[in-house]
Amino acid sequence: MHSSDTSKPKRAAGDKAAARGPKQRLVDQHRGNSELVEQEEQRKDLGFGTRINESVSRLINKDGTFNVNRRNEGFWNRINIYHRLITIPWIKFLGLVLTFYLSSNVVFATLYSLLGYENLSGIENVTPDTPIGRFMGAFFFSSQTLTTVGYGHISPVGYWTSGLAAIESMFGLLLFALATGLLYGRFSRPVAHIRFSRNAVFAPYLDINGWMFRIINERGNQLIDVQVEVSLSRLETKADGSSYRRYYGLKLERTKVNFFPANWTLVHPITDDSPLYNCTAEQLADSDAEFLILLRGVEDTFNQTVHCRYSYRYNEVRWGEKFKPMFSGSMDGEGTVTVDLNQLDETEPVSLN
Amino acid sequence: MHSSDTSKPKRAAGDKAAARGPKQRLVDQHRGNSELVEQEEQRKDLGFGTRINESVSRLINKDGTFNVNRRNEGFWNRINIYHRLITIPWIKFLGLVLTFYLSSNVVFATLYSLLGYENLSGIENVTPDTPIGRFMGAFFFSSQTLTTVGYGHISPVGYWTSGLAAIESMFGLLLFALATGLLYGRFSRPVAHIRFSRNAVFAPYLDINGWMFRIINERGNQLIDVQVEVSLSRLETKADGSSYRRYYGLKLERTKVNFFPANWTLVHPITDDSPLYNCTAEQLADSDAEFLILLRGVEDTFNQTVHCRYSYRYNEVRWGEKFKPMFSGSMDGEGTVTVDLNQLDETEPVSLN
Amino acid sequence: MHSSDTSKPKRAAGDKAAARGPKQRLVDQHRGNSELVEQEEQRKDLGFGTRINESVSRLINKDGTFNVNRRNEGFWNRINIYHRLITIPWIKFLGLVLTFYLSSNVVFATLYSLLGYENLSGIENVTPDTPIGRFMGAFFFSSQTLTTVGYGHISPVGYWTSGLAAIESMFGLLLFALATGLLYGRFSRPVAHIRFSRNAVFAPYLDINGWMFRIINERGNQLIDVQVEVSLSRLETKADGSSYRRYYGLKLERTKVNFFPANWTLVHPITDDSPLYNCTAEQLADSDAEFLILLRGVEDTFNQTVHCRYSYRYNEVRWGEKFKPMFSGSMDGEGTVTVDLNQLDETEPVSLN
Amino acid sequence: MHSSDTSKPKRAAGDKAAARGPKQRLVDQHRGNSELVEQEEQRKDLGFGTRINESVSRLINKDGTFNVNRRNEGFWNRINIYHRLITIPWIKFLGLVLTFYLSSNVVFATLYSLLGYENLSGIENVTPDTPIGRFMGAFFFSSQTLTTVGYGHISPVGYWTSGLAAIESMFGLLLFALATGLLYGRFSRPVAHIRFSRNAVFAPYLDINGWMFRIINERGNQLIDVQVEVSLSRLETKADGSSYRRYYGLKLERTKVNFFPANWTLVHPITDDSPLYNCTAEQLADSDAEFLILLRGVEDTFNQTVHCRYSYRYNEVRWGEKFKPMFSGSMDGEGTVTVDLNQLDETEPVSLN
């Protein structure tokens, strides 16, 4: 619900409305906002809207997804098989592949058994002549057909069994084609492996203070043209005492780097036009503050754009701490700059300006 | 035909042309348009042109395609096999694959039969020694070759049959390669699953009115950096009484959201510089009005840009209704925002400003 | 060689240089060009440079490639196998695949024959016991191994032949993998199927004239966000009588359309600041003029950006002709706009302003 | 560590701080930098930071990677198998594939031997009845299963061996799927094959001098929309005698070409606002100067964006040399422009302005 107040009841217009054209009526002194200011505020809400006026657990989860429930989503839309098969962990993916392979073979083995084991020539040489043995023979024949390995020591005889084997081998090829696409999709999918420092900090910056966090690229591949946007979301109180969620863009010392070879400390300098100016830890907590971070970059191997979201809630921000250096200059004597990734979260107390 | 009037006959220039350079002649008072204004108008037509000066059923179909007939399109250009195989529904696609598999096997079985069943060693053990039985045996051998399952209980003998089997197995591999590419293409193709509210509405907005519609992301995957452009297309009458189709860009309260976790109500505020200012439902209908919508976003799984088109015609716009809320705040007590997707189309009467 | 004159010999500086700083010396009155003008001129050359000071056959070929010879290009760089396999015509591609398949089998059959036909068990049942028959048997065995069809009626015996078969089947798998990638690459490669009108024309435009050409999208798939840039390249004579190639960007009535459902006539209005102002057909020919066109768009199925280049040389431009309409409005009574693609090149005489 | 000085100790503020708001305190006269200037300087550092204040061997290696050591990088992050398999040379890649194939077969052959050779029916016809012979038989059976060639002259018997074969054939299919993806990824990966001249030069440019280098596209495929950014990194000394690394963007005569059919000489004119103004070779060496180059373009076959990094250190820059022409105009009489790629590195002495 991004548009604020689309259903506001008709205002008691009084004498003022008579003297104003519709354009002017947008600039409503009672609201104390020009249209442009209103739009500017809107622009910073990132798409959450102002109606989330109670404390929420958080807007952006730690894995970058949004903390939004979707009720009555259609079953197939919710499932979105391909999307899920691409994003689930590898161990789960391989488990699913194995499960699907086994159950497909069970289904086809059952069908072959219904068509009669006598139509699987050679089955008697492979497994014992017991119900389980025959079924397992059909199972193995099915697996040899599905994977197109087709040894032929068991072979189909007669119209129906041969026909079913013809169908199964085509089915196997399509499955294989699918697996190929999924494996390629999983590998080539662009993902930003950015690690954010566990906490953000309020630390001295030049001769004022700054709100800071630190990031590294977890992977050895290069990220280039990295851009970061930070917004502050917090509850504020209107003149009539009702609360609403307001969003501020936080100006950063620097919003883009061409290369990202090491670590990057992002700093929002708390100047007197910052929404954090004179803000205390208690006020942050009371206003249910959350810092929303959006990062974009280009992954260098495939030159794909990658996105990454993160957020720090008020209780993940430390006051009066600064980050310890990760960057040890060229201390190895070979003129190579060295970065210690383990130091990412390390902070030490410091007195604020 | 985007350029307006490229073939206008030579004007009776008279005394004015004598005193003006060619640059000035572009600024033609009779037309009442400066060159720049002309260009600006052009820019909004989205590519349809001004010559569509009669009522049309609609410019953009409900599925986002254009309502334009292309006559004398070349056969192969019209077909564009790959494009079609990627975009047809799954059920049709799988039907086509099965049909192609069966008919390929029929063709190859016929060829094997022409080369002589005696060159398919072992065929007698698989199917009965009847014309149909032999043909089915060749059919099964063909399917085993095409899928490279190759049991070997039927096997080719002699130069010609062996050679044909060698060709068929390579043909099978290429088909399989093709199927792999098609399946991957179908799955990985970026599509925006945006659902638009069934109707657009004229509803109060702040203390004026607005033209509004509402969208949701049907899928669970994330859409980010979503931008929307809306144009109004309607017939207007020139001074000489001829009608032409004119296009207006409609200013939106907000044209972009960074995230699109829930629903988004897009609002065109009807200020006094809006082409909808003081417009009535009858005027909308008389002018064959259509609201053209172009949406762009980035699909987050593969970071691909997706596009989506939609349009509302005059009879799909409701006057004096507003959208019911879809967004129930954090009412579940767990601090999670909940959206009810079923509410997308729900409106209720409201009196306009 | 885009930088003009990087090796200009030291000027006899005289008294002027003494009074000027290096920045000012760039603004050289003898050249009659400020630095910025120089850069602006450079910007329009599209990358060809000003040294091409003789008549050339053309800068951009009809297929969009550049008419530039690259001498001493490395063999592997010139070949660029993948690029070529993706872009050659389908018939050539399939011919290459077949040729490669046959010759691979010949090579492996030769290797099997060197290891001894007696190690191919069952070969005697397939082909006659003659040198050619045995070789063909090895050839068929090779094809069954390469495609992994593996009937098994011929099977390898002994270390060396079994080992070679193991290598060949892996080689076959890799070939197949390659073919899959190539087929997918060929199909999914983004190509703009733009057809340009055979000729560009000088026709009346408003009450001046314009240089125009017309394009259609040959394919049924949608192109969106289509942008066009046009440059004029022609030989000009310096004050010292030497000729050089100069490039001008030509302002278009309109440079972008959101949608491209039908045809688009691009118009460069010949105002008095156009390089074509007062230009005659003879001057165009004498100056070896060529109109260079660069088109970009987004192909809607895969949302890929496509590029397309074209050029019109002076002898492909017609004076005093205009394009016949292709757009027949909604004349079919069903309210659908119809475009006749065959009309693309049709022009008719018209008297210029 | 891009933010300069995030942990600067609290300044003895004195009387000045009392009279200034926090915003003004950012503009610190002692530093001689406005906030904006500071940010501008930051913007040019490309992501390396100012702390690299000793001589380093180089910032950007010749292959475009960054000369940065990453300590304590996680094992799996460092490995990033897919990224490595895509970027290693072809010979290594094929070697790895072969090694993996052989060792997989050894592993499975061992497993089959543990399950008993008697369960591999037909093995006695393929290899001698010795321990090594039996193992090789199992090895060949494994290879026929892994590649799904499955001749069937050796075939699995019994539950365990049949089951293992069923697993192996599925494993083989997944490996094959993987190889397909890797091969496609290797081929379709967008790479800019830009060759940079071995040396950059200081040469006359117009009537001043310029710092120049030259590039060609090594491949026959087209690169379009090529953009180049050049930065100068060098050590400078603060007022307090400490040294820090400073970064300057170098203005180029031209930063973009639409097409890149031949060679391109990039020129930074040394005007009096250039950081190289009045700079000598000794000063370049003393300040550990490095010219950092970032190139972007669009590869025309697949319309993918490609990036490329390069750097010249002070000892790779030649003073008073200019590049020899590579571009021989249309000297072949056929009106085709010819470029000799071998001339890329050729320079000749010239006296500087």
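Think of it as A, B, C and D in the order they're written, each chain with its own count starting at 1.
Keep this in mind: a contact is a pair of C-beta atoms (placed from the backbone, for glycine too) under 8 Å apart; a residue touches a chain by one contact, two chains touch by 3 or more.
Note that the structure is predicted; figures quoted are calculated from it, not measured.
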Practice task
Fit chain A onto chain B over the CA trace and report the rotation angle, somewhere between 0 and 180 degrees, nearest 5.
Solution key: 90
Exercise for the section: If you line up contacts by residue number, which pair in B-D, A-C or A-B shares over half of them with A-D? Let me know. Expected result: A-B
Problem - Interface sides of chain B and chain C: same vs different residues, half threshold - result: different
Practice task
State, to the nearest whole Å, the distance from the C-alpha centre of chain C to the C-alpha centre of chain D.
Solution key: 27
Problem - Interchain centroid distance [CA atoms averaged], chain B/chain D, Å - result: 38
Fill in the blank from the handout: For chain A, residue numbers touching 2 or more other chains are 144, 148-152, 176, 180, 184
Fill in the blank from the handout: Listed in rising order, the residues of chain A that touch chain C in the complex are 148, 150-152, 180
Handout entry: Touching residues (chain side chain C, partner chain B) in the complex
Key = 97-98, 101, 105, 125-127, 136, 139-140, 143-144, 147-153, 176, 179-180, 183-184, 187-188, 193, 203-208, 210, 212, 218-222, 224, 226, 253-254, 256-267, 269-273, 277, 298, 300-303, 322-323, 325-327, 329-330, 332, 334-342, 350-351, 353
Practice task
Sort out for me which residues of chain D touch chain A in the complex.
Solution key: 1-3, 5-11, 13, 17, 21-23, 25-26, 28, 39, 42-43, 45-49, 51-59, 65-74, 77-78, 80, 82-83, 86-87, 121, 144-145, 148-152, 155-159, 162-163, 165-166, 169-170, 172-174, 176-178, 180-182, 184-185, 189-190, 229, 294, 304-307, 309
